[in-house]
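In the two complexes that follow, chain A is the common piece, with chain B as its partner first and chain C second.
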Partner chain A sequence: MSATDESGARSLLDRVSDRLLDATVLERFGIALASILTAILLGLLMVAAAGYNPIIFLNNLIVGAVGSERVLARTLRISTFFIVTGVAVAVAFRAGVFNIGVQGQFVVGGLACAMSILWAAPYLPSGSLGGVGLMLIGTVAAAVSGGLYGAFPGVLKAYADANEIITTIMLNFIAIGVVSWLITNPFREAGSTNVQTEPLPANVGLPPIVFGESGFSVVGLVLTLALVAVVAVVMTRTRFGYDMMTSGYQASAAVYSGVDAKRNVVATMSFSGAVAGLASALFVIMYQGRFLEPASIHTYGYDAIAVSLLAANNPLAVVPAGLLFGGLNSSTSYIQIYSDVPVQLIDGIVGIVILFVAVPELFRMAANRATTGGEDE
Partner chain B sequence: MSVVEYASHRRVRLVSLAAVTALAVGVVATVAFDIPLDRIFTAGYVARSMEMAAPISLAAIGGLYAEKSGVFNIGLEGFMIFGAFFAAVGTYFAGGGGAVHAWAGIVFATALTTVLAVLFAVLLIRYKADQIVAGLGVWFIGLGLAPFTASIIWGSRNSPRMPGVGRLTVPGLSEIPYLGRIVFDQSPLVWLTALVAVGSWVFLYRTNYGYWIQAAGENPEALDTAGIDVNRVRYATVIFSGAMAGLGGAVLLAHSSSFIGTGQTMVDGRGWLGIVAYLFGNYNPLGAAAAALLFGGVDMLQGQLQTLNIDLSAKLLGLLPYIVVIVVLTGWGKTRVPASVGEPYETEE
Partner chain C sequence: MTANNTPPAVRLEGITKQFGDVVANDSVDFTLDAGSIHALIGENGSGKTTLMSILYGLYDQSEGTIHVNGEERSFDTPRDAMNAGVGMIHQHFQLVMPMTVLQNIILGHEPVENGLVDEARAREDIEAISTRYGFDVGEHLDTPVSELDLGTRQRVEIVKSLYRGAEILILDEPTAVLTPQEVEGLIELMEDLRADGRSLIFISHKLDEALAVADDITVLRDGNAVGTVSASETSEEELARMMVGRNVLFDSDARETTIGEPVLEAEGLRVIGDRGLEKVSEVSLSVREGEILGIAGVQGNGQTELVEALTGLRTLGSGVVRFDGDDISAMSRRDRIEAGIAYVPEDRHVEGLVMEYDLVGNGLLGNQTIEPFANGGFLDWEAVREHTEEIIEEFDVQPPNPDTEAESLSGGNQQKFIVGREIGHDPDVLVASHPTRGVDIGSIEFIHDRLTELRDEGLALVVVSSKLEEIQKLSDRIAVMYEGEFIDTVDPSDVTEEELGLLMAGQRLSGEDEVSGDGMTEGEMSEGGVSEGRMSGDESSSGVET
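Now for the complex of A and B:
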């Protein structure tokens, strides 16, 4: 066989595999789109069944997400939390580890962030340099504590065979209970009737660019996108990420190629938990300026499962999925004020999205039937 | 290993764990906090623990049937939420006044969750859904839609006060000290649960259908070769598991005063406790019920310690069952999972 023949065959093979890859990417995109559209459609049907006007509801959904600059800032702020927690879930799911504990890791990380900044504040200068130092301390504290809280169920799974789905859910309940107790008792703001920590010093916070004092900073969005890029590179371009991904796709192949499966589970859970911790550092520093009753914080960690699944557990695809969920969630505040429709419907829609994403076969069959022209082809 | 040997081996482990736990709690209680144990383990406490254990047991028994046949029903928590909510709706619209209405609510809830379980089974078996993701989906749908519908019906995520089913009191026998209150003056739903536990043990280990279920999870090819439709067996168990979790939720409502739809709803992780209960009970319905009793007891300990004015935060004490779950899973995690759990079965035609 001549060299040109071989390269011709090679390029043909490449083209075929490219097309296959395109097909699956397209197919995944189609499934995600079909899932979200069907779920929203079902939601609208329920709105109608409950006696409200679904058109007005849909309008509120859109106006409440992107209708004004103030609302857009809120949507982007919430989206950053969904994107980072979504990446935390994607890291674990990609590696075949079901970390349902992102909410707990978020809560533990957030408390660690706020408390470490409050404790360190007296030892650092009060200028902007001191502020940057405090934010670094808080971010590291959040990542480390979130990572450790993720590593714990990882160790239990690797060395005691304890199902991580259940242990992480239990650890969510425990984290919320313990952190709530801590903020109610020893860490409570002196003299406050609210369950919250002391406010962070004035030099801690991201600069308000473009959107003013909205609890959203463009710097936060840039940091979020940078984190997504770093995680994507780690997942696809490093040995660590490669080992994690192979373990997810084919555990036996990973073990055969020399991956220590147990250590890999612990590493994955630590990594995932650390990213969840980073999400809460952003939540505390950019938005809240303190930490508060964890039971009152939105369940970003649970919704992040839907975000990640919608993105086929791909860190890059988490960005659009996170924006979509940010919009959906942002509009709940609007709907709560301007309509009588109970906002828990949005949580239900999130659940339906997850259910549909779990059943790609459903849409595949529907698509096949549509392209072959139904029964009477 | 014969069934009897197997069961007794299991029993030894369960009893020994229960003994160790009780001893540890006892030592900590008497030494560290100077708590009079006889004032904690009152007949009322044991009876209430059984009431608390009943919903967990029912969900656990349903879940173990599904998993025995090869399908991991991780949606138990969601089905329990639906069960509790539908029971409240049924009771409310039946009249909401007395025990009859409570029973009507229970029947209504079980029927409706059975319908939902049929849909879920179709997604899992016919459309080969990812069992873990779909199960999580059911949970989230329950967490969202039950409070949503509650808000529409009652204008609040919580229902108004609901009637219970009362107690089944055997005249005379209920006067026996201690045992009388626990056994002969007990909620009829505890009796129902005990009946379901024993019945499902007999069905699983003593009938041909039971062997089919076990074979569907262990060796579906062999069952197929023997001419039994594997997927039909799995449909039956998944639908049963949803119905039992729904019944469990309804029982939970009947043992409480109203439906609570805030936060994690009134089910508050009991479906997850159900999964752990059957893992702990090694897929044996009686073992699962015993494990559920342990969780029920831990759950009720909170109120018991508070009546004694023991100064421990209610919030922290409420976390005890979750901590016990982690300890149990860590110590007893290595249960023998049926060989083909999670794999859809394709008939070779």
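Now for the complex of A and C:
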């Protein structure tokens, strides 16, 4: 009978959602791994159906992410950017503020980092001590300017009721346009045909440890993980973090507990923007060694939204999510270069992987909502 | 009660429902005789709503059978239940606010003529139902539901069920939102429905109402049916004992207390509400040490805004608030908390608790700047946990586990936790808004006792409630609020519940002028007057006098 079928299907759904709700962190990690494998399997079927060799594709997928020192360095480099920008998004989303402007904050922070180092360089000694000093100056400049560029839409939201999603997106365009103009005109490298700033002095940069490859340093990865740890502590063990999280969960309860909602929005946006600025400091100091035309920079700030959502906006979970994104991103470029599989197909498969990893988490969130909704009284 | 050959309207046998490890209903039997009113009573969290949700197709039972009119049935959805003639009026109305009454009633059951909604026929049918039971719903068919007061909304819900052919009606705590006069109207209506051959299940935790209206009463406790008694053969005391499992004292005598200096004072307060309308007009008050000031009134007459102005959640339009003699009118909420003004908020689900936090996370709410929980900017979760455990212990919060999420606690336990936390601030003033709304009888007693104890310890308290019994029992003075003003301040021992009810409806006691001044008689007052008052309280359409 259809009625029993229906209730059978429903109880199966109930059981699945109960199971998902009860899942431990380790189990959830296992579910994510299984999802990745299933998605890759499905992707290989698509590759085969499209007439390409799936075995070679799989090989390229793996080799492209971790196959050699060079690609592994690239994967880790991209991952660090995804992780830091992902954390920037996560803190804002946790507080119920939708900062879509991480890209803009990243671009502004990057220019501030590069220019402050270039301006300060003549006043500091040229040795490694001076380099550290310059890097500190650049990092602070990036964090402050990113923070201010985040604070601005925060102020607009708090005191003028302007929707932050819209203002931050608009400010992304403004940031890219203005920074692009600045690099094209006043800050352009003397005599260069490229749109880029002067290169940073030789004593600025992270030391190549383990990986000889330029553009990635283990120091950068360590700093990234340290930042994640600091943010996690801020969120869970400080008053500021508690105020932010409470505002995100239940704004009215936060106000009841004495949180000034307006100031909290501004503080959250500043914090999120500052983290985005730190991402760009890493980008400039560790990778580019100068700042380039911002329109040509990968859209870390937008991808970070997906990274953060995949991590359920948990700063710690952003690390594996960022690594996954970094690996896929690295593989994509590898496959594009070393095989004739069209880029659209690769993007589609990457999309499936992300979808498969995200769906169990989405189900979990939905089940959580559904269960709480039913138990009134 | 039943004719021998009529099967019971509803028979539930051995119903068990588990949510994870929690047993909400444990092998419950329940029989609703055809053409009778059966009250289902029990404390919050005793499983009343769960049991009825199973009957109504919202949940599947884990075990047990459902018979409706003698036939075994299983409802997967409320629509199945409705098709079998079972209707449910939820505690939180299921109405679409911007849509008209007519649209709400026919929603999902629209009479269709040539593919179009046959509104004329719907109108006719609804008016027929409306006239039959003397409803005023027929007059409001084209009014958006958002413009109606709660009592009328409830009648819309009832008409909706009747329109859909409900022979068996489940009313989930229908009196919770009504004034005493409106409750009387509802009871009459339920009796009319019964006289018409319909069968009703009345969920409540108010013993007097169950006794007044029901033929039979079934008591649930901790998911078990404790017993079913005939209303004519039982008493409030017996029912309370069945519900709580021990004896309950109904009237604790108000103790004599020494009243000290004024602690919290307000002068000429004007407060603007969310929609830009003045909700509090020229209110002045003073609460002294060792005193409970009760603020009575039908909801929506400005109590919420007044309390928010006192606690720092809403800015003043004009006027002054003083605490210990200092002007705190411009002081932030945070500073007022730290100064010693504690607040048990009106809506625990929205303000008082973060539903997704565990109790430790909620134990910090409002305490996040206070030592020892905060050390500079850092939080000491160990200290918070200890404090939470103390609250749980002292206020008998069930389950006694600090890691429980707030939302999985029953209403009474949530409320006990909030009261415990707020008192834990060691305040000088406690403002408690509807401290026992939706709370079971055992917890009500407990909370009342704690509030009077605090008063005896010299705290100044402001208690806002629309429950007359509560206001009368707790208060040393009662201020009645109507359309943003205190229309009278009375001594609780000098007024009857009826007199308070009339004051709440905007009518001054005999010999004084009515506030509304439109010459309504007492009889009209009990029906239309209250709705009128509430509507203008919500909408301020009539303008508030000074």
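Methods note: the second predicted complex is superposed on the first by the 280 of 377 C-alpha atoms of A that agree within 3 Å, B and C clash if a C-alpha of one lies under 4 Å from a C-alpha of the other, contacts with A are read in each partner's own complex, and residues count from 1 in each chain.
One rule holds for everything that comes next: a contact is a pair of C-beta atoms (placed from the backbone, for glycine too) under 8 Å apart; a residue touches a chain by one contact, two chains touch by 3 or more.
No experiment lies behind these values; they were computed from the predicted model shown.
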Touching partner for A:V255 - first (chain B), second (chain C), both, neither: second
Touching partner for A:F240 - first (chain B), second (chain C), both, neither: second
Partner chain(s) touched by A:P320 [first = chain B, second = chain C, both, neither]: neither
Touched partner set for A:P54, first chain B, second chain C, both or neither: neither
Partner chain in contact with A:I354 - chain B first, chain C second, else both or neither: first
Comparison of chain B and chain C by chain A residues contacted: B
Chain A - residues contacting chain B, complex: 46, 50, 98, 100, 156, 160-163, 165-167, 169-171, 173-174, 177-178, 180-181, 184-185, 295, 302, 305-306, 309, 342, 344-359, 361-362, 365
List of chain C residues in touch with chain A within their complex: 19-20, 44-45, 48-49, 58-60, 74, 76, 91-92, 313, 332-334, 337, 343, 345, 350-357, 364-369, 374, 377-379, 381, 407-408, 410-411, 438
Contact set on chain A toward chain C in their complex: 3, 6-7, 10-11, 18, 237-240, 242-243, 246, 249-250, 252-253, 255-260, 371-372, 374-377
Of chain B, residues touching chain A in the complex: 74, 123, 127-130, 132-134, 136-145, 147-149, 151-152, 157, 261, 263-264, 269, 272, 275-276, 279, 313, 315-316, 318-319, 322-323, 325-326, 329-331, 333-334
